[in-house]
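For reference, the structures are reproduced in the following blocks.
Each of the two complexes below includes chain A, the first together with chain B, the second together with chain C.
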Partner chain A sequence: MLKAAVWLFWKDLSLELRGRELLLPAAVFGLIIAMLYGFAFDGGQQALRPMFPGLLWLGIFFSSFLAVGRAFGVEAEAGQQLLMAPIDRGAIFLAKLALNILLTLVLTAVLTPAFALLLGAPLPRATWLFLWTLVLGVVGFAAAGSAMGALTAQTRLRELLLPALLLPFTSPLLLGAVSATSALYGKSPAQLGSWLWLMAVFDGIFILVPLLLFEYLTEV
Partner chain B sequence: MLEARDLRLQLGDRRVLRGVSFALMPGHCLALFGANGAGKTSLLSLVALQRVPTAGSLRLFGGEAAVDDLALRRRLGYLGHEPGVFLGLTGYENLLLYARLYGLTDAKERALGELRRVGLAPFRHTLVRSYSAGMRQRLGLARTLMHRPELLLLDEPHQSLDRRGQDLLDRLVAEHCGEGGAALLATHETERALGLATDVMVLSRGRIAYLAPAAETTRATFEKVLSEALGGGELC
Partner chain C sequence: MRYLRWLALPLWVVGLYLALIWVPDVRALGVSYRIFYIHLGMAWTALLAMTANFVLSLLVLVRRKGREETDRFAQASAEAGILMTTATLASGMLWARVAWGAYWTWDPRLTTTAIMWFLYIGYLLLRQAMDDDTKRRVYSAVYALIVFVDVPIVYLSVRWWRSIHPVVFTESGMNITPQMLVAVIVFFFATLVLALDLIYLRAFQEKVHQELQKRRARRLGRLGY
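Our next item is the complex of A and B:
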């Protein structure tokens, strides 16, 4: 399965590098959100800093949604043909997951400094813990997005169903990510470990369960 | 090679197939005719293991067909309405990807060889997005044939192809069947299919309206059956 996943990831990455259909619109959207936040909240105010974790994660989630949610859609008919190949369909999920994680990580790497700059919030001093929080949040969102994207790929109401499923399902992750980031800024720091655990468990569930059930997800 | 018994398929409240039974032996090519919505594509999708029949039995290569049987999928070659290739990859990259997914050891050579066979070698490094519809169909045909499937499932494969492309398709299918493979070919290209097929089937509203060896089918009989199946309309 891993070998097939690697070939499929190569295909997905080649398509994205040539078409830039996923990352570019998502990055532009994220930067626009950051700028609008900056204008709306008069960035640089001290009072704005407690809101920074929430604004940052909402920006990351909404812009990532544009990339992650469409990852299955860009293939259309050719993707259907893949289902006939003699490979474990979990490989298709793994390849999409890897692509979505990569896209969301790049997006986060662009948006985090942009949000910090435009909202005038310094990044937390515990750099490694902050990076770890970002990675857990990004991986969880990419995993949930890959699973929901597969589930809704063939439905007629895909554009409506995907946000209706993905955003409620990822609300525990959003809560964990915002709370963990707030803890890094000094708000209830003792609870940081619990929030990181919550995110790690979420990530594990949304990677393993779809991997095991992908055969059935693609038959819906 | 293929044995279908009383195959039924219901999609929502629509009975798409209503008890279809037939067999396909090695070396045979069965041409499948019928009006739009007669059930041709649905029948192909069942044999291609894309759907599970509502009732009835489907045996492939001597065993019961199961949608999750990877070994069975390897023995099938399916070309649907779309060529099933990625527009953002080159022709060569498309075939190389499928060669690797099918576990072919000589993937690069096989991909190049197949591109030559369908006349696309000069365009191997061109993105498929730039291909014409006919070139994409040729590439889809190459993808379908590359892993040397035993049973070919072709859904209106002549579409988008020019005369030379159609000749090439007919020649490749004939070669495939001549080498002991079998083909199930849904089509509206009456003349070409009758020249190629060993057996003829006409579907009408999910039922078999006619099934006979092509050699025993006179032109007049076929036109009468097909005309009735098409609801009295003109032949396609």
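Our next item is the complex of A and C:
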């Protein structure tokens, strides 16, 4: 199963490297969001700084769902060819999940410094903890996004449906990520550990549960 | 099951009498607290309906026999759950305006209920957007399972975030009098029976609808479309 997943992941990755169809538009959209924050919350950088954790995570989530929803979309458009391959169905999900995690991680690596720059907030001093927060938040979003992406791939108007399903679903993750990031800036820092745990639990559950249920989706 | 609605009506009349007239006022809250009986019954029924949706969705996946029927009941219980959740939110907001001074606060139960509402609206949206019947059954069942797991995590996360909702049942006992408890229980059964009645009605409607569509397709086929 793992070998097939690696090959499938490689297939999608080379497609993305050749076309840059997902990452580029998503990253540009993320940067536009940062600009729009500046316009919408007119008040200069001083006013935006306390809101930085929330603004950053909303930017990451909004631009990420553009990227994660497409992973299963390309297969739906290509027909059901992948399902004819003599491989474990779980491998398909794992490969898409790995691609989504990689894409959102790259996206976050681009957007976080850009947001810090544009919104005038210094990044937290505890670099490793901040990296952990970013990774846990992004992996959870990619996992939930892969599950919802698989569910909406066969629907009409999937681009419209995905945010309506995914964004309320990931609200605990958003709460955890924003609170953890705020904690790194010194707002109730004692709770940092519990928020990181919450995100880790969310990540674990929503990697495992969709992986177990994915088989059912491929049977019909 | 056809006779359920004849049971729902008297239960509601008795429940309303108990909640609005029989139970004495609570000094600190005045008359406004009486909405609590309707609110609590509907909130419990909503949670039960969502749990029923979870169990039925699980059955849709693991049992092929009678999958269509199970799926119709899963959909109907989600719809009844959404209706009860909407009523819970509406009654809660009215009470909150009087007691807390604002229609909306970011209390864990309110916020969780609102997010649950969105998640199950998503269930109906997903069903509506799938053309293939078999796919709709399986996909929405998988969605229902994933979402049911998400709700407690939402609750936990919002709870860590903040809390002001009054707690009626605590580990040390109940914060209400026996008389109030009677009204609560009667009203809970009134809403539960109403929800069951609605679920059966909606599942039956769906059955008729699907049967009509099947016959229409067959007829169009005969006509050469």
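For the reader, a short list of remarks on this structure follows.
Assume the second predicted complex is superposed on the first by the 202 of 220 C-alpha atoms of A that agree within 3 Å, B and C clash if a C-alpha of one lies under 4 Å from a C-alpha of the other, contacts with A are read in each partner's own complex, and residues count from 1 in each chain.
The definition used in the following text is that a contact is a pair of C-beta atoms (placed from the backbone, for glycine too) under 8 Å apart; a residue touches a chain by one contact, two chains touch by 3 or more.
Treat the numbers as computed from the prediction; the structure is a model and nothing was measured.
Touch criterion met: A:Ser179 reaches chain C, while chain B stays clear of it. By the touch criterion defined above, A:Ile32 lies against neither chain B nor chain C after alignment on the C-alpha atoms of chain A.
Chain A has more of its residues touched by C than by the other of chain B and chain C.
Contacts of A:Ser14 after superposition: chain B is touched, whereas chain C is not reached. In the superposed pair of complexes, A:Leu83 makes contact with chain B only, with no contact to chain C.
After overlaying the two complexes on the shared chain, residue contacts for A:Leu165 are found with chain C alone; chain B is out of touch. When the two structures are aligned on the shared chain, A:Leu213 is found in touch with chain C, with no touch to chain B.
By the document's definition of touching, of the two partners only chain B reaches A:Ala4; chain C does not.
Taken together, the two structures place residues 219 of chain A in contact with chain B in one case and with chain C in the other. Put simply, chain B touches chain A in their complex at residues 48-50, 67-68, 70-71, 73-74, 76, 78, 80, 82, 84-89, 93, 97-98, 100-103, 127, 143. Those residues of chain A whose C-beta lies close enough to touch chain C in the complex are 147, 151-152, 154-158, 161, 164-165, 168-169, 171-172, 175-176, 179, 191, 194-195, 198, 201-202, 205-206, 209-210, 213, 216-217, 219-220.
By the touch criterion given at the top, residues 61, 115, 118-119, 121-122, 125-126, 129-132, 134-135, 137-139, 141-143, 145-147, 149-150, 153-154, 156-158, 160-161 of chain C touch chain A in their complex. Chain A makes touch with chain B in their complex at residues 3-4, 7-8, 10-11, 14-15, 18-19, 75, 77-78, 80-88, 215, 219.
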